[in-house]
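In the two complexes below, chain A is the common chain; its partner is chain B in one and chain C in the other.
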Partner chain A sequence: MSKDKIKRSLRYSLIRPISNEKWQPISIPLVAILISFIAAAIVILLIGKNPLQAFYNLLQGAGILPKASYAGYKSMLTDFLSLLNAMTPLVFASLAVAVAFRAGLFNIGVSGQMLVSGFLATIIVGYSGLDAIVAKPLVLLIGIVAGGLMGGLVGWLKYKFNINEVVSTIMLNYIAQYVISFFIQMYYIDPVSRQSQYVSEAARLTLVNVEIGNLKMDIPLGFILAILTAVLIKFIMDKTVVGFELKAVGSNRKAAKYAGINVGRNTVLAMVISGGLAGLAGVTYYLGYFASIQPKVLSSIGFDSIAVSLLGNSHPIGVIFSSFLVSTIEQGSTYMSSQAGIRQEISSVIVGLILLFSACGVYMKYKVSRLKEKEANRKESEA
Partner chain B sequence: MMDTVIIDGLSFALPLFIIAIGGIYSEKSGITNLALEGFQGFGAFIGALSAVLIANAFNTDIQSLFYVALLFAMIGGMAFSVIHAVLCIKFKADQVISGVVINILALALTTFLTTQINALVFGTASDKFQLGVSERFTIEGLADIPVIGAFFTNVYPFEVIIVVIAIFAWYLLYKTKYGMRLRACGENPHSVDAAGVNVLKIRFSAVLISGLLSGLGGMCFAYSISANFSSSIYMGYGFLAIAALIFGNWRILPTLAACLLFGFAKSGGSFIAQSMALPSSFTDLFMILPYVLTLLLLIFFSKSNRAPKALGEIYDKGKR
Partner chain C sequence: MSDYIVEMKHITKRFPGIVANDNVSIGIKKGEIFALLGENGAGKSTLMSMLGGMYEPDEGEIYIRGEKVKISSPNHAAKLNIGMVHQHFKLVSDYTVTQNIILGVEPIKKLAGLFPYVDIRNANCKIEELSKNFGLEVDPTKKIADLTVSMQQRVEILKVLYREAEILIFDEPTAVLTPQEIEFLLNIIESLRDSGKTIILITHKLEEIKKVADRCAVLNKGKLVDMLDVKKTSVNHMARLMVGREVSFEAEKAPAQFKEEVLKVEHLTVQNEDGFEVVKDVSFTIRSGEIFAIAGVADNGQVEIADAIAGLTKVSSGNILLGGKDITNETIRNRTEAGISYIPEDRQSYGLVLDFDLSTNLALKQYYREPFSDKGILNKEEFEQFGTKMIDKYDIRSGQGIKTQVRSMSGGNQQKAIIAREIELQSPLMIFVQPTRGVDIGAIENIHNMIIRERDLGKAILLISLELDEIMNVADTIGVIYNGQLQKIASRESLTTNEVGEYMMGAKHE
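Moving on, here comes the complex of A and B:
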């Protein structure tokens, strides 16, 4: 075999795993994840630690693999439930970004929408003393409505005044952050924690410290809702007129307009849905994962969700998997840092790398199809 | 009183302005740039890192390394912007995605490296590089003129640098052949290609310029508002700059106006809160001033806003 031929066959075998177009939406992100873990392993090697042990610890910390020992009332199951608890707001937030993205809109305002809905639910229900059976649905309702209104405002500003949604959401993020910080510090501050006072157990969407057997676990009720919502969004997007119109507007505004689709109405609608989902992220975060709000801080989930949703191809089901991956890395990092002695911040670097390489997905696809074409041409000329 | 509003407003508006100019270069060439936030942070990181390393190695005062830090920040910002350029231009990635990813990566990398380097080199457990606030100067004579004099009082040296670079950037974009081609790349890249100019090269250079200028802006923030480098540099200045340039309709002079508006509304807001002697939590309410003002003004001025035609589109030679 000539050298050239070896090179060619080597190259071909490299692209083999991602050459099937049908599987590319899954295989390309997987390859991206693999490459980023290799890159992260190199970084960990460079600082003189064992990458395999680090990744193993990461999975242990996230409750996917068993740890060597557990504190009282803790087990792998409780760790895994806290992972789901942390992951719930991220799923909602990423769905919010994905829906807007499908409609050709870019919702950077998820953090602000989360904060507003979380805050309103906190002061209306969280401090009210209502029974759980009333309080919990009410929290969800306020989340959807508040987030939806705020998202709708952004859509309306775009449709009515041609205000770029990127700008208006950034402005609204700041406004929400400062105004809510003002109200928290004036009326709802807890002098010890320097955060808003804790909401009542009844209003919380996560049941904390539930004793089952000899374990104390946190049960995230919102998680089930998040999965159901993802399925619902997939149904709306794929099977209904509403979803079809949103996607049409997203892929080509002009063509949609000529086809008789009301672009303005769909812009507002997409932002209402997106905002409503962000609102659900807000209540599962501030009244689920946490039980209070830190003034003057926007949650980083709003920005992470943009990337998570892109890693999941803006596909509702893909988003669940990408949220799971990112939450696993972030949840497991504390344990990894204590066991392997690697700084916790490396987890964000790993996530960043995964996102970076998955952004190259289009290029991989393009390269693969080019190579395949070449291969086909070569075979033709040989024959 | 009026003076402090002008002095503080200017020292905030100008770094914002230089970042926004970078954004204009990139977007005018047709590359959407949400990565400004990451560029300014990474630039400031490299600038601050080189300052503390040199100060440590040669036992010099960190204040005197101000210009060195600015230079390295520009280099750092530019180096990091190569990622955006490669992803968007060579790898044909979605430009919005690339921008967001770069912001996340910049925050993650710089926080990790800052703690890691502090532990390895300096043996301290700190997540910041201490820099201090840059010295200021006042131009005697001019400073005595009422109101306008404030523009010459307590000026940071970087403000002068920014003004000089901004004038040059304006000239380059509007008065040179390169600038004309760059702007054409954002409107009709195929015509640029037909004229025998390499569209991809021009776009690449435009993104690098945006990285360079953002790095400068970030370093200025690190040397003034925060007095150190830490993850608090990612306060959203890059996003504010994007808002300013969209508000300024992708043109340099209106963008300056938008930045000044931000700056003065910000300093004015905190001035009002201070002078009314309200409790500190009320400052938060006045902090929304620049953002509310922008939204209101946008309602009146956005109708005529028009992004560069080919903005965000991947250049495909075969497509006409």
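Moving on, here comes the complex of A and C:
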């Protein structure tokens, strides 16, 4: 009996940190992350390595903690900037998923939208020889327009012909992947790298190897834009009529229609915004983080972003933090493998675990409220 | 220890901001029909949910057949032979009747003593037999989606009987039924009692209790007010106990004063999704200061008329004129702006966004214009002020004020919120569809008074209701619909209830 009691109170003390409903949007993802790191630690222990060492190396590799030594022109700052550079497209892509999700739509086509806008920006601006001052804004513009049009097409298909957006975005992913692969291989291939030719420095959204002091670093211009965009999206969703209508359509289409909201227009609009954000992810990826496109490959960012968005509660600011976390682990993995002798793939395992546990958030919420109720009952009956 | 089959002693249950049950003690005898009477939000359903295993009480004890029990889940309740027939059916619409009934307790046989499979054929026979025994005839092989609402309810009842329930809880079983179906159901309930089952009936309809119940517990605001012997108590007395004050069943109203014409519907025809004409060549007008009621049996096209006027359904031919202006092809938003308020039949899927908070729902039709927003930017302060004002003015009760998620509010208060929102639009035309459906007596009186007050303020009112009493009580002019056609339009005074009933059945023609 008393053993049972101890077990129960132990269980209750475990859930107490996440039992306050007001903080659950933050506390549950944090607990999910904590659990996944514990699980990852067990995995690392099983292969006979020290998990704390591994996590420490991970942070060092990502430029959050200092390494023991640096090569020439490198420092912790350069590592950290590469992290931000890698993180930028993920923030945009996750925002794309989040916006669609709030409007009750599931945009699986972020990868395809990224590829189309990245490709168009590459051939129109990347190979053009335009000056940086014209080229960079133009790249962004093409990204937004191309992605927005492609997303809008999906929204229109849904509104006009009631085609489920999950199906149409997956199909469009294939079309984009292979059509663009055809053009790259026919016209833009670099015979050495087997990828598309590199875009001009002027068109790139990341300034590469900039010398400041005695350091050479990559400066991701898109990162600042990504943060500003997240703030803008939060403002639109929370404070404007447009956001109000999108959320109403996402929560209850029938009631939205009854209230006089044009459901079709909002479906298209949500997909235009989502596609436009995916387009920004595309240009910051293919003309920022990279400078060329690998044919026949869809970026995994488009799919990671679904889970990253989920981990961030589909909240624009939450998405920044979840992108940061996931990028940190992926960025730090190379250093971890060289230092701790743990294979790089383990970092993918950690990311996978985080995303897996974050998807359990709803279950955790349910379980917590259930346990809370039981505990309250028990206390009363004991009293 | 006692002759009670169910005893609930000193039950208290709290939810955030609300005490749903406050020290309630009831005892139910074997083989009786025991009614639980109370307004919406009085705590009837909560009390029974604790018996059905959905919740556990915060305080108090439950005894079944004299033994103290803790009912931790619906499965546990089923083991104690307690079954609940829910107000909102819990059925899989793509499954057959049998599949739904055996779900979770599938009879498993083994093919060649090895491969387990569900013995549907045997189950079909068993259910057919069961349904005949209790007079609940239904084809066990039919899909739920193909059944009418009252048939689906039979399936729900069979489901608990199949699980050998001895104590049956009916949660507002008549809310979704037509008068004839109600009659039938009440007979079923009586015959269940006669075959030895114990029945608990949750309702706020006094006539039903008077008709079938043996004893009745009255709840008001979570507290047990009284325990009555139904045969010895008058309906008026029960109503008074339930609401906590005198209630009048007849709405009081001054003679109508018709002024200018507000709505004119000319030769309206509406097709449903299958291309079937559900409204055929309907014409009528409503004047300022007039309550025009459409009476009819469910699904005779009356809801489609309302939807067509509000713009939710396409008109296939005919015209709708509001204040002399043709609005037949206007958008919903433009119609609202032109002056239509609409209280829809299905308040949870049309009238409200259940995941939004109360203040947002109250502003659902005005959010896009000043003062709620300015140049596309929402003014949250105005939302809050307006919401607070409405809660006050219309006595909308909720756990956490304007921040309450509408999903967690009781049906009656949800309806109050919708009516408040629509009245505040100050539209010359107000459409009420089933405004008192699933709402308790006190609130019904309140809603009727609001409708009449709006009429007296010079609004034109279209009232669509399945409750004939309501129509006879409130209407100035009555149109009777049958099979999509208006059979008769006449002033309230010139018609008797019986006549309207005959037109409703299509038995009488102009």
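The rule is simple: the second predicted complex is superposed on the first by the 372 of 383 C-alpha atoms of A that agree within 3 Å, B and C clash if a C-alpha of one lies under 4 Å from a C-alpha of the other, contacts with A are read in each partner's own complex, and residues count from 1 in each chain.
Going forward, a residue touches a chain if its C-beta (ideal position, glycine included) is under 8 Å from a C-beta of that chain, and two chains touch if they have at least 3 such contacts.
Keep in mind that this is a model prediction, so the values were computed, not measured.
K.L.:
Looking at the combined model built on chain A, do chain B and chain C fit side by side or clash?
P.N.:
clash
K.L.:
Name the contact category of A:Ser338: first (chain B only), second (chain C only), both, or neither.
P.N.:
Neither chain B nor chain C is touched by A:Ser338.
K.L.:
One more residue to check, A:Asn209. First (chain B), second (chain C), both or neither?
P.N.:
Touch partners of A:Asn209: none, neither chain B nor chain C.
K.L.:
In the superposed arrangement, does A:Ser9 touch chain B (first), chain C (second), both or neither?
P.N.:
neither
K.L.:
Spot which of chain B and chain C makes contact with more residues of chain A, would you?
P.N.:
Answer, by number of touched residues of chain A: B.
K.L.:
Can A:Val349 be said to touch chain B (first), chain C (second), both, or neither?
P.N.:
Touch partner of A:Val349: chain B, not chain C.
K.L.:
Taking the superposition on A as described, I'd like to know which of chain B and chain C A:Ser168 touches: first, second, both or neither.
P.N.:
A:Ser168: touches chain B, not chain C.
K.L.:
Going by the contact rule set out at the top, does A:Tyr258 touch chain B (first), chain C (second), both, or neither?
P.N.:
Second partner only, chain C.
K.L.:
Once the shared chain is lined up, is A:Lys239 touching chain B (first), chain C (second), both, or neither of them?
P.N.:
Touch partner of A:Lys239: chain C, not chain B.
K.L.:
Superposing on chain A puts chain B and chain C in one frame; which of 21-29, 93-101 or 183-191 is the clashing stretch?
P.N.:
183-191
K.L.:
What is the shared patch of chain A, the residues that chain B and chain C both contact?
P.N.:
Correct list for chain A: none, the interfaces share no residue.
K.L.:
Which bits of chain A are touching chain B when the two form their complex?
P.N.:
Contact set of chain A toward chain B: 47, 106, 108, 157, 161-164, 166-168, 170-175, 178-179, 181-182, 185-186, 296, 303-304, 306-307, 310, 343, 345-346, 348-349, 351-353, 355-356, 359-363, 366.
K.L.:
How about chain C: which of its residues touch chain A in the complex?
P.N.:
So the residues of chain C in touch with chain A come to 55-59, 310, 312, 331-333, 335-336, 342, 344, 349-356, 364-365, 367-368, 373, 376-378, 380.
K.L.:
Which of the residues in chain B come into contact with chain A in the complex?
P.N.:
34, 83, 87, 90-94, 96-98, 100-105, 107-109, 111-112, 115-116, 236, 239-240, 242-243, 246-247, 281-282, 284-285, 287-288, 291-292, 294-295, 298-299, 302-303, 305, 307
K.L.:
Could you please specify the touching residues of chain A with respect to chain C in the complex?
P.N.:
The contact residues of chain A facing chain C are 239-242, 244-245, 247-248, 251-252, 254-262, 373-374, 376-377, 380.
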